[in-house]
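Each of the next two complexes has subunit A plus one other chain: subunit B in the first, subunit C in the second.
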Partner chain A sequence: MEISYFPGCTLKTNGRNFEGTALPLLELFDIHAKELDDWYCCGVSFSQSADNLMQQIAPIRTLVKAKESGNTRLLTLCAMCYNTLQRAIFFIKSDEDKRDIIHDFMYREGTKFYGDEVEVVHLLTLLKEIGSEEIKKRVKKKVDEFKIAPYYGCMLLRPKEVAIDSSNAPEIMEEILEAAGCETTYFPFKTECCASYQIVNNSEIVKARTKKIVNSAVKNGADVIVLSCPLCFYNLDEIQIEIKKEDKNFKTIPVLYFTQILALLMGIKSEVNNFSLHYIDPTPVLKRKGLL
Partner chain B sequence: MPGKIVINDKTIAFLEKIIELSGETITLCDQCGTCSGGCPVIHEMDITPSQMMHKVQLGQEDVLESKTMWLCASCNTCTVRCPRGLDVAKVAEALRQVKLRQSIDNVDLNSIPKEDLRELPPIAIIAANRKMIS
Partner chain C sequence: MTENRMMVRVQIMGESYEVPEGSTIIMAMEYAGYQLKRGIGCREGFCGACATLYREKNDYKIKGGLACQTVVTDGMVIAQIPFVPAEKPVYNITELTPDIDTIKAIFPTVFRCVACNTCTKACPQDMEVMDYIQALKRGNIERAADLSFDCIRCGLCALRCPAEIVQYHAGTLARRLYGRYLAKKSPEIEERIKEVKEGAYDGEFEELESMSREKLSEKYYSREIKLK
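Right after this comes the complex of A and B.
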């Protein structure tokens, strides 16, 4: 099966460990993610002002490209791409007048997008569709006493109309990891915000958030945190180094994309993990647990 | 001494402008405080999200001088919890837009050391650009 795929800006740079593990993983299920031709950034953060249609053009152009690809499903790995594209679909479907203005603005661009032609699918949803049985069949390694704390953050869950699972009590990542034989740990900060783009000029806020999130995962016995957003990844991973400099008692924890764990369990060569992209080195714990 | 609440054409025009920009019926807010209770960045704010909503209801333009709208991380925690179905994140965006449309930015990327900019993922820089730079 082939599915159209939109990587977004960060999976080709800081997030190479995410794309590098997710795509070979899908191949194991005979799913080929075909990257859209000539794509560009979706705009990252959905425009929330009612009259600013200009900021809707980037995600809509991406959806136009997906429509032109001929495949009705568009796969995203990045949680922020998922959110922005999904919200753009709701936006274009919910307001005909604004849709007409956008079509008019893009009148030289041939293909018009109305909202129903493309379905944006996040990788977690796709894996859930594939199902526990198929996931189980592909697992080659067994791990014992390796506690994984799935962290969802915001963009997969909020607002409600784009949520891939319950906004308050999501379980989708747990279901997939448990199907692959992992043990997951609940921690109450799993749907809390890491402070997102505030990292650019307010890193102290991200520090305060990360400290709470990490402490909560550690106190609940986690060995690693896994997630699906390249911005959460940076905020949770890099900032721990800064926190540690200020607080020697702070206990750090490795952060990984959930696909990295699955790829290791399914015997995909470990090089695709690009461990050099991690700030807190996950290799010692992965070695201890027999995954490396 | 708390100031006297003044309602006049100017305050009403400001409220109407923010309603238009956000698309939210801000007058519905009953000040329950749920948005403030769950906000992840409230500890850094000078007024809480619910106070921001109240100030907009009263048409108090000095809300534009508060840091709160810039600190909102658009996490939508309040959006999914507001019992009145209001989207506070959209109101914060509307307030930012009032400033941004006058070319008043909140971030100067030139002031961030080049090494830091190189280290940051593109996703962070682009999102900050969209929210805080005109």
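Right after this comes the complex of A and C.
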């Protein structure tokens, strides 16, 4: 099966460990993710201001590309891109006047977009559709006492119109990881915001959040945190180094994309993990647990 | 000479002139008495020196084009641009890496692109300008170099960009990075340069230089192209 694929900019640069593990993983299920030609940066976050229509143009252009490709199911891996594209669809569906303005602005481009033509699907949703049985069949390695803390953050869950699972108590990552034979651990901060772009103007907020989230995962016995958002990845991974500098008693924990764990369990060569992109080195714990 | 030609009325730099129908903007300006020293070059649409902004009768849109390629229409309002004062960062290509960090450091404005496509609409070369800026945004230097290959650096994209990106200079950087670091190296070229430097062809050059024009011409047209 072929599915249209929108990687987003980060997956081509700092998030190579995400794309690098997700695409071979899909091939195991006979799914080929076909990257859209010359797609556009989604804009990185959904514009909340009412008069900033310009910010909606980029995600809409990408959705137009998906519509034109004829393969209108559009896969995303990055939680941020998923959120931005989904919300652009809701926006264009719900506001006819603004949709007309956007169509007028894009008068030279030909294809119009109304919102119903493209379905944006996140990889977690796709894996859930594939089902536990199929996931189980492809697992090559068995792990014992490897506790994973799935972290959702905001972008997969909020607002609830675009949520891939329950906004309050999501289980989708747990279901998939458990199907692959992992043990997951509940921790109360799994849907807490990492403080996102506050990293740009006030990193103290991110530090405080990261500390809370990481401490909670560690206290609940997690060996690693897994997630699906490159910005959460950055905030939770690199910022731990900063926290450690200030607080010697702080216990760090490796952060991985959920696809990295699945790829390792399914026997995909470990090079695609690009471990050099990680600030907290996950290789010691992965070796201990027999995944490397 | 002009009696039988239809004339159109245009405004050049705020003054009204009658110029022959079918003239390009350059021809119209020279007809009107302008002596162009800046904002003019090859007159063939290749050099990119003659970026111009104009507006047509009953149209509110300010359009851009090359003055040597754009034909005047009746009622056209023309402003010839001597040159585009866009920022041109200075860098040493030998000290760079062909990746997104270089783009971030030298052209941070690239990351302000909101995909409005105004640059593409402004491009007289019909290039996909926005697409190469977006390629740079995701660190795909090769794609940016490829998509910007036909750029003649007229600067109209930068003049129109609401995000104030200097597309044409960023495209130049992409092509330089591609050429220096990413393009497939050809060992034949290295070999041939070495031969040239060692004087392997000096004798043949001397022979050619001493030939008469007729003989040289005869030799040129009867030459055989040998392929390895």
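Keep this in mind: the second predicted complex is superposed on the first by the 292 of 292 C-alpha atoms of A that agree within 3 Å, B and C clash if a C-alpha of one lies under 4 Å from a C-alpha of the other, contacts with A are read in each partner's own complex, and residues count from 1 in each chain.
Note that contacts are C-beta pairs under 8 Å (C-beta built on N, C-alpha and C of every residue); 3 or more make two chains touch, one makes a residue touch a chain.
Quantities reported herein were computed from a predicted structural model and do not represent experimental measurements.
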- [ ] Once the two structures are overlaid on subunit A, check if subunit B and subunit C clash or fit side by side.
- [x] fit
TODO: Once the structures are superposed on A, label A:Gln55 by its partner contacts, choosing first (subunit B), second (subunit C), both or neither.
DONE: both
Task: subunit A residues touched - subunit C or subunit B, whichever exceeds - done: B
Task: Which superposed partner A:Arg108 touches (first subunit B, second subunit C, both, neither) - done: second
- [ ] Have a look at where A:Cys193 lands relative to subunit B and subunit C in the superposition and call it first, second, both or neither.
- [x] first
Open item on the list: So in the superposed three-chain picture, is A:Cys78 touching just subunit B, just subunit C, both, or none of them (first/second/both/neither)?
Closed with: first
TODO: State whether A:Thr13 touches subunit B only (first), subunit C only (second), both chains, or neither.
DONE: both
TODO: Give the angle at the C-alpha centre of subunit A formed by the C-alpha centres of subunit B and subunit C in the superposed arrangement, rounded to the nearest 10 degrees.
DONE: 80
- [ ] Please indicate which partner A:Ser167 is in contact with in the superposed arrangement: first for subunit B, second for subunit C, both, or neither.
- [x] first
Open item on the list: With both complexes superposed on chain A, which partner does A:Ser45 reach: first (subunit B), second (subunit C), both or neither?
Closed with: first
Task: Lowest inter-chain C-alpha distance for subunit C and subunit B in the superposed arrangement, angstrom - done: 6
Task: Overlap of subunit C and subunit B interfaces on subunit A (superposed complexes) - done: 9, 13, 41, 43, 55
Open item on the list: Looking at the complex, which residues from subunit C come into contact with subunit A?
Closed with: 99-100, 113-117, 121, 128, 130-131, 134-135, 137-140, 143, 147, 162
- [ ] Using the touch definition up top, name the residues of subunit A that touch subunit B in the complex.
- [x] 8-10, 13-15, 41, 43-52, 55, 78, 80, 154, 157-160, 167-168, 192-193, 195-202, 204-205, 208-209, 230-231, 233-234, 238
Task: Complex interface listing, subunit B residues touching subunit A - done: 20-23, 40-41, 43-44, 71, 73-77, 79-80, 87, 89-90, 93-94, 97, 106-107, 109, 112, 119-128, 130-132
TODO: Sort out for me which residues of subunit A touch subunit C in the complex.
DONE: 9, 12-13, 38-41, 43, 54-55, 57-58, 61, 105-106, 108-109
